[in-house]
Amino acid sequence: MSHARADQRRRACPTVRVRYAETDQMGVVYYANYLVWFELGRTEWLRETGWTYREMEAEGLALPVIEAHCEYRLGARYDDHLEIRTSGRLVSPVRLAFDYEVVRCADGAVLAVGHTVHATIDRSGRPVRLPARVTELLR
Amino acid sequence: MSHARADQRRRACPTVRVRYAETDQMGVVYYANYLVWFELGRTEWLRETGWTYREMEAEGLALPVIEAHCEYRLGARYDDHLEIRTSGRLVSPVRLAFDYEVVRCADGAVLAVGHTVHATIDRSGRPVRLPARVTELLR
Amino acid sequence: MSHARADQRRRACPTVRVRYAETDQMGVVYYANYLVWFELGRTEWLRETGWTYREMEAEGLALPVIEAHCEYRLGARYDDHLEIRTSGRLVSPVRLAFDYEVVRCADGAVLAVGHTVHATIDRSGRPVRLPARVTELLR
Amino acid sequence: MSHARADQRRRACPTVRVRYAETDQMGVVYYANYLVWFELGRTEWLRETGWTYREMEAEGLALPVIEAHCEYRLGARYDDHLEIRTSGRLVSPVRLAFDYEVVRCADGAVLAVGHTVHATIDRSGRPVRLPARVTELLR
């Protein structure tokens, strides 16, 4: 995927305030919590398609994570205000991925980057294609 | 309930090692995590009755928490080895409670005490009585 | 404290969107997570005094939790939009408490109520009085 | 690194019992929690070197995560008994990695595989070499 394409991809940018619960004794956010923020990013990305993940599940479609990756550059700190910049892309007809950047609002510093890959399955666990209204947004 | 009775109550005493994830930037365990340890305590208490919570749920019985309480005396620290001393008692025919003590194994210090109260419900959410084989252990 | 007083108490009402990470296999939010939301409530209550908890800690004052209590009425669900209604009160010169209601924004249902009690300590762990600018807001 | 080498690498294999808190409404463990188990794996790997992470930190050395990766094959379920097979390797003089397999004890199924990469830093955040007694175990 070229940078030009990436720039054109639709983005969701929810913000979070770092919770005390998310810090550890090193004084920064514990590393697993970035994956929770990634979840918030893709939840908002989906909400903005007009089809929430909650509705998706109610209609029998699920997007289980099959791969997660994160690179940590700078530690997020308690009470930091962060933006979770999120974009989606289709990996195969039954698989999609989201790319994330965790950005500190105060100065624009990129604290972490990562991605997740998801299968698209129905209630019985079988792979299914995403509806066209979603895949159109993933091009 | 008299102390004599309390002493006679059946106890489960699972142990946990404090995880880095459970600490916060104050250098001690974040307060909500004690409730997770309480869950481990009652899970082991139930396992020792010969009927695990997993089986209970599979058979359509659930024990949702309706009240939780914890008093914090000394902070648990990363890598501490702790014992979650747990005993159960019947509050009503359709309600039970568990009492907990979080004890530091190294010196026997009681770091926290607390309790949880649970409804006993069936799959449709209606209150049901616990089977006799469990209530007998709660006397 | 009379109800009249309670009504007059200053409140903070931050909102949260329930995260997938916060649910459990019962399909509702795991009970320990309400204590994390309580933390958000008191963080915002403090922020609105003009003195954030982050600044407070930087200046050497901490508010460790010494007691937490929660009553659960209705389960919060994934993607629910919730308001954490929070008010503070002084319990003693070196101890304060916060009261919380977790309210579902869609219909105003109170899902849970609870409180936390905090010691006010300095860097060495000794009890200290809160500054007047904070205690004035706690009357 | 050849498979022959991998097979010869020293391993730690702590076990965990899946907590209710770790499940989500899909009925399996929430994906971020595997990273918490990875932490348990490397903690035990280090403990078996005779130098715990707790001691390491007390002596001014820290191993912040700079990269985490996980592939999810089968969902872990509540109360599952799991083994976190962990081995370490040196990536550079000031960087080490751990490889993990999450194995279900009941049938040996590999539920997930992953790795983390860590910087080795001193109290001031500067890269430092690990002591020989640790690096010897990483060959």
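So that you can tell them apart, the chains are marked A, B, C and D in the order they are listed, and the count of residues begins at 1 in each.
Going forward, a contact is a pair of C-beta atoms (placed from the backbone, for glycine too) under 8 Å apart; a residue touches a chain by one contact, two chains touch by 3 or more.
This one's a predicted model, so the numbers in the text were calculated from it and none came from an experiment.
Of all chains, B has its CA centroid at the greatest distance from the CA centroid of chain A. Rounded to a whole number, the gap between the C-alpha centres of chain A and chain B is 35 angstrom. Between chain B and chain C, the centres computed from C-alpha atoms are 24 Å apart. Centre-to-centre spacing of chain A and chain C amounts to 29 Å, using the average Cα coordinate of each chain. Across the assembly, chain C contributes 20-21, 26, 32, 36, 39, 78 as residues in contact with two or more other chains. If the chains shown are joined wherever they touch, the resulting network links each chain directly to all the rest. If you check the complex, the residues on chain B that touch chain D are 17, 19-21, 36, 39-40, 43, 52-54, 78-79.
The part of chain A that touches chain B in the complex is made up of residues 20-21, 23-28, 30, 32, 78.
Here chain C touches chain B in the complex through residues 26, 31-33, 35-36, 39, 62, 64-73, 75, going by the rule given at the top.
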